[in-house]
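There are two complexes below, and they share subunit A, which is joined by subunit B in the first and by subunit C in the second.
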Partner chain A sequence: MSGKGGWAGKVLRVNLSTGKISTEPTVDRFKDFLGGTGIGYKVIWDEVPPETKPFDAANKIIFGVGPLAGTGAPCNGRTAITSLWPTCWPVPLVASGHMGGHFAAQLKYAGYDAIIIEGQADSPVWLSISDSEVKIKDARHLWGEGIRRATIAISQEMGPEASVAAIGQAGENLVPMSVIINSYSHSAGGLGAVMGSKKLKAIGVRGSRSIAIAGPKDEWEKAVKLHLSLLGANNQHVVPSSPQPWAEYYSRGSRWVASRGRKWGAAAPPIETGTCDPHDPNRIAFRTNNAAYFLGEMAWKYTVRGNSCFGCPISCHTLIKVPSVSAKYGISEIGQNTCSGLTFGKSFFKTFPDGNQGEISIEACMVGMSLADDLGIWCNYGQLQRDFKKLYYDGILKEKLEKTEFESYSWNIYEAGNPVFLFELLPRIAAKDGELASVLGLGTGYMLEQWGIEEEEWKKNLDLRYWKMGHPKHHANEDAGQCGAIMNTQYNRDVQCHSHTNFIRNGLPLDIQKRLAKEIWGSADAIDAVAAYTPMNIYKAKMAKWSLLRKELHDSLSLCNWMGPVAASPLKERGYRGDDSLESLLYSLATGDKKGRVELDQVAERIFLLHRALTIREMGQRQIRTLHDTMPEWVFVDPLGKPPFTPGTIHMDKEDIRKGLDMFYQELDWDCSSGLPKRDAYKKVGLSDVAAELAKKGLLP
Partner chain B sequence: MKEKELSIRPAVVRIIRSQSEAGTLVSPEEIRDVLIREGLLSPEGESHKLKDIMEELIKEEKDIKIIVDRVGKQYYYSVRHLNEAYAIILLKRNDNVLKLMAETVRENSEIYPRPVPLDLFMNPPFSMSLEEISACRKKMAESKEYSDIASTITSAGTTFLYSTLYMKTLHAEYLAEWLDVGQSENP
Partner chain C sequence: MKISGLAVIGFSAFGTYGTLQKKEPTLIIMEKAEGLVIGDPTLCIGCMRCELACTEFNDGKASPSLSRIKVSRNMNFGPKGVFAGQLRQGNWGNGLITQDLCLQCPHPVPCANACPNDAIVVRPPLYARVVDPEKCGGCRMCLRSCPWEMISFDEEANKATKCFLCNGKPKCVEACPAGALRYITWTDLMDRVPLRLVPTAVIPPEKSALCIACHKNIKEFQE
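This part shows the complex of A and B:
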């Protein structure tokens, strides 16, 4: 290993067809791709033939972590899982799911930077990794069990320190809308069925080694303290949601919800969050309560505490205790999750008897978490629930389903907002029981195809938030206008990028945001006031490029993109500046491979470009701009007919977006007419070999 | 006596900082009362000594600040725990709540820009009752001075206020809905 620290040093390869287990040095082959998605894309590029389908034995699934995983760097708990994506429509292309929890750290402590799973087992197995002792074990007794039971069984065998990433019945049954979950609630969407196709129930990992830090101890500690000092609440929101004595600003939309008088009411005794002065690092975990943020004020009384991924002080998974659900629904009174995971059950319903933030809506959330996180069902950023409501309330289900199947569901219970309905629906999705459940489990693109519904219908509908290729938008034009919209054209699933939204929603006044924007992207014009957009300019293209590169950087280093980049901070004395070079500082100190901000961003560009090359190769098309980098029609329509660039609308102008894509491509040295990266773009980041392969296929401009 | 004076100063600093930590301003009279209760100052006389100590303290303790209300009454706070913006709200809360409400709405509409939910005023540091808020809104509606303060109601039923001096109605309506409903539905 040429690096002195950061990387664990080996990549583990497990062939489930042959049972062969081997290792290879990380740094020799993968250092230029860092880790995480970088390793994932590299393996898919080198080893998976373009015509491969997600459930083929030839497909591989790569669990990749980065040089910062398992270190003391804040928010390093991310594992990137890369494979061919089953819900990507009309053809499966490469994509990554990302999970927090403790898997990444344990994998590093066991001595590995990635696991490459290849082949298919003949019968159900699970993978046991305990330092250098790696075994493929019989999982027939676990097959058919939910994620919780599988996790407990494996933990009992391996010990409580083990982290278990498992699939539920949905993954086993090759339901494309399925997840992999570690530590009970930390899920990576979309890839459960790829594990299921390999008959791999779970991976349990525990390690006893440590991760070396190459740089001087005092400099490393200083860097970690700097990072901690600049953290906000979840999504790097840097002002509180209500006025606090220490705070100059506040913002209703901030996830920094702590305040004097607000208590984790189900803790024994209840714990007051306090005002959470940003200078006190020991109060960081009190800032965020995502149950209260997403489920409403009532969730405070049910809050036990925040739950963290490894190395993260933010604790965005909120653990709630709702005693009524135990007797009422026969489920655990404890639930935990974050964001869309918290609202999984609630989102199926239009209304509840006591309102959308009442007790029953919280019960629906508890039932949803209990079922989905055990069966291993993916929500596709809420698209599953939006599709379901649309299909039911528009009468499409009644029209498409056989009468007997339609009547087998208790629609009166559903319309009444009774969470009991979830016990009818969700297990059937996981079991592919009936046409409705099977179709919903396919993901939106294949669902529409199966039922002969034009994708354009979905693309016209603002409320559905459907974007393209079977997936929804994820922080598109509602966040940073053209920047968000352009970013959403780039991936083969929802974009999963938070770099831009973390900045736009940070809660600071516009003049401060503009000052910071000028420092990072070269002009205050890179950003606009929310919903008061101005026409496209080059600085918005630079922001879009920066946002995407930092996403890939985070997914490859194992830093949480839900908490970075740290472009702003809560510190008035710093003029609310964050530090745009934190990633390179931490990377350089951890690995001993000194790289500045610009150099490390170039590595991120290499990783991003490899993803682009994979997309182009798998599509086998030259016209990527019009076939792949598309936006749905709803982006260009205002429900009230307001013209673009009018305060109060977020919709985009087609000509302006055309210019915007041109600018974005030019920033990356891609051909504007086709969207194909030029040979020089590949060469610049050391991917001449990739360019040569694409050239042979006629896939260079 | 010198010894007593020496012990008064750290006590004053402590009182100001602890009050700021609790989210409140403190007046010289309140400081005096605490010092008397703690036996550091006699109830009779010595007020001039306290005044001298306070003047000296302001020069030397960089975190201790004075804020003065409309009629010239002084209050102390520590920026170590309590920001100037918060101190101004606390001051105005005791002075002219109608003006405070309008200025808060205007400031938010100008610098972000964004409307503010009505319940903002029910929580600290505003701590207004529903009756106070309703009375203020009634007065605003009747006074030309506040004719720029407008309201919008979201689909969830939350009322937001904004100033037409700085925000167009359609913008305010969009942002109110976004802040109240849209943002958590687009996580």
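This part shows the complex of A and C:
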């Protein structure tokens, strides 16, 4: 038992129907669920009836952070937002969106580990949290404004240090494909419209308090420095992408892109990223440049710097300055984002006049970021854009839309790869203006339903990367064979897990990876080289379980799962070993609640299992294996007809995957035929009460 | 320059200074610090690891509001804040994040002069201006005296605190993942770093009397 450190100590509850604001102690009710998604799932389980729909007043939205948020534990900027998920098809189920930025830390400094928002306001409001001063404020003047203007208006009232999580017009208009954004570019997908349904424009939070570290400060300093010393670049890639004087290995696909001659070219004056010896803690920030990684070499000259979430030395949000866009498109010359946030605008187009990594593609990215991160539109990990291209180029749009509406879009501009097209399309999605915009905003599952397209069509298509229930794959068999494929069956949105891909894609040679895999999962056979897969074995199931548990652990502690677990390191003298007990080390020192690696993984299993229980209760079905834990057909088909397990193909074998799911269920003590966790599985992690409720509904095996 | 002749008085003396004699000698800091920390805004990535290292490794708690290096307040909109309009810096402006750092001011040291308890003292070997928590009464006059707003206040301890250079190995410098902070030999930046506010602290009368007496004497001496 603790309460001495780590947690802020209180959970804030705000009822927008009654205006009642109250607090409750965190540790009493939520300690066994840590924070973040753990608190989110627990509140939904206890307080939201299974038949609730996302936009009902009875739905709740929980902004949860964990005991490591706001501390010096590296990469702790994540806020987990949990609610019923509007784009989950055919029935909305529980899921969580996660945003980086500075919101999590400010919430902790204000004295809270979570905010539970319930009810619905009569007219638009925003929530102001300044330490113990919490107020529901009129937001009628902000309603209809974009995220940026709303944030600035709120910052003018609260002060420049405030962190503001806001929705744009998309969320206000209940567009399911909408986001919540804080700190300029840090977005949590999928839940903007849930805030919109509550007429909650924004939450501004500013804190001036401290978070105590329970353990001795010198031990904490040692632990933090150990963690920092084992970090790689973004996605915990531990070798550089090009030969470096200090490096034994390099790997072209690595996100460790720093090198002599590669400069933050738009800094004044430009800054050399250099060789970045992993032993130099003052060079960590130069390893990663996700603009260059995702947009191409040309992005170096536009790079101003990396931009960090709270406590993160990696700075994967790259800040770029492209002066031409200001005159050409009337938007800010500065933009920042990472990964699919960077490529949001570009991904709508098939081609550009000067190629796929030319100037115009970068302009399209700038226009996309400028619009989407202000209107608050979600890309569903690129599914929105892949769907759009498919619908247009297959002639489906022409067929489905009224002629006048179809012709209201400048398709010649679109086909020419002119970013100006985004000014036509994106504001209409946010405004639900017309059928095309409205249908795109529903998310893939409901979109297909609306237009009478079989989901199977999408599931057959490798290029669409669609997985199930309205959402795409996220690091599946293209990264980690059966392990990745199985993991992608488990959630009610894209899986949002990087534990496995961070290891598989870390850039180390296969023999070193296999040596490390043996130490972590018990056998070198847990992993294969990408696209040189071998048949399923129990160690792949163990790796899948470990990956998912660590994802929930990270989302509950507030550690970034894009940077962990630290299963490998860039340090030759350690044999490239990482340390997968860092989470428990930091947790124990911060909170004073001593837990080892195994014990903390058991807490993670409790959280993961509660998510499973929620899914089962909300579905009200016994056949979870066949109704929920599914894979799309493209996983089992090779475009060139290569058989499974031959080098060069990522596709899987059906019988092998069936065995794989069996092994995965057995690892978790779930019933193999139904996919329902057994009573003992719940009991083992202290969820007997959850099992009892499911038993009453006939939802135990 | 004849000022060096006065420097020996520094720190302990004035006790025998005629009519100004008191039981406790009034503290006037004359020594210069050995070093100071400077920051380069073009390198800052806004991770706040400097503020965390400052408070976690020195105080055992994460507390940007207590940090003696101040970056959070400039991160979103820059030193001129959210009302700076087109001149905004930071993540919501031109991208530059300014690190605010203690200048370890030369004589007259504004925070030390404003302290009614003489709680801001210098300690060898670095001669950083530091708050002696034993003497600090928590009145916050020093917070209003620093034109760069570099004094922090620990609400839990009810004491002021400020940069003490971590015994010559500043934690913030060590923690910066972008090498944006450097610990350098002291140099006078008072005229080079823009002020954040106009000080409103009142200097205790016995100190201002000393200042007048002494500076008048210097003038007469020089004349």
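To be clear about the criterion, the second predicted complex is superposed on the first by the 699 of 701 C-alpha atoms of A that agree within 3 Å, B and C clash if a C-alpha of one lies under 4 Å from a C-alpha of the other, contacts with A are read in each partner's own complex, and residues count from 1 in each chain.
Heads up, the rule we're going with is that contacts are C-beta pairs under 8 Å (C-beta built on N, C-alpha and C of every residue); 3 or more make two chains touch, one makes a residue touch a chain.
From a predicted model like this one, the values you see are computed outputs, not experimental measurements.
J.: Would subunit B and subunit C fit next to each other on subunit A once aligned, or clash?
T.: Verdict on subunit A: subunit B and subunit C fit.
J.: Regarding the shared-chain residue A:306, is it in contact with subunit B (first), subunit C (second), both, or neither?
T.: Only subunit C is touched by A:306; subunit B is not.
J.: Go through the superposed model and pick first if A:649 touches only subunit B, second if only subunit C, both, or neither.
T.: In the superposed model, A:649 contacts subunit B only, not subunit C.
J.: Touch check for A:184: first (subunit B), second (subunit C), both, or neither?
T.: A:184: touches subunit C, not subunit B.
J.: Counting only touches as set out at the top, which of subunit B and subunit C does A:293 meet: first, second, both, neither?
T.: first
J.: Which partner, once the models are overlaid, touches more of subunit A's residues, subunit C or subunit B?
T.: Result: the larger residue contact count on subunit A belongs to C.
J.: Taking the superposition as given, does A:271 touch the first partner, subunit B, the second, subunit C, both, or neither?
T.: A:271 sits against subunit C, while subunit B stays out of touch.
J.: After lining up the shared chain so the two structures overlap, which partner does A:321 touch, if you call subunit B first and subunit C second: first, second, both or neither?
T.: The second partner, subunit C, only.
J.: Just how close are subunit B and subunit C at their nearest CA atoms in the overlay, in Å?
T.: Least C-alpha distance: 18 Å.
J.: Residue numbers of subunit C touching subunit A in their complex, please.
T.: By the definition above, subunit C touches subunit A via 42-49, 52-53, 55-66, 72-77, 81-83, 91-92, 94-95, 155-156, 174-179.
J.: Subunit B touches which residues of subunit A in the complex?
T.: 242-249, 251-253, 259-261, 275, 277, 293-294, 339-340, 356, 465, 475, 478-479, 505, 509-511, 529-532, 572, 640, 642, 646-650
J.: Give every residue of subunit A touching subunit C within the complex, in rising order.
T.: Interface residues on subunit A, with respect to subunit C: 70-72, 102, 105, 109, 148, 151-152, 155-156, 159-161, 183-184, 207-213, 216-217, 220-221, 224, 228, 267-269, 271, 281-286, 304-315, 319, 321, 334, 336.
J.: Which residues, counting only subunit B, touch subunit A once they are in their complex?
T.: 20-21, 23, 81-86, 89, 111-114, 116-117, 120, 123-126, 156, 167-175, 178-180, 182-184, 186-187
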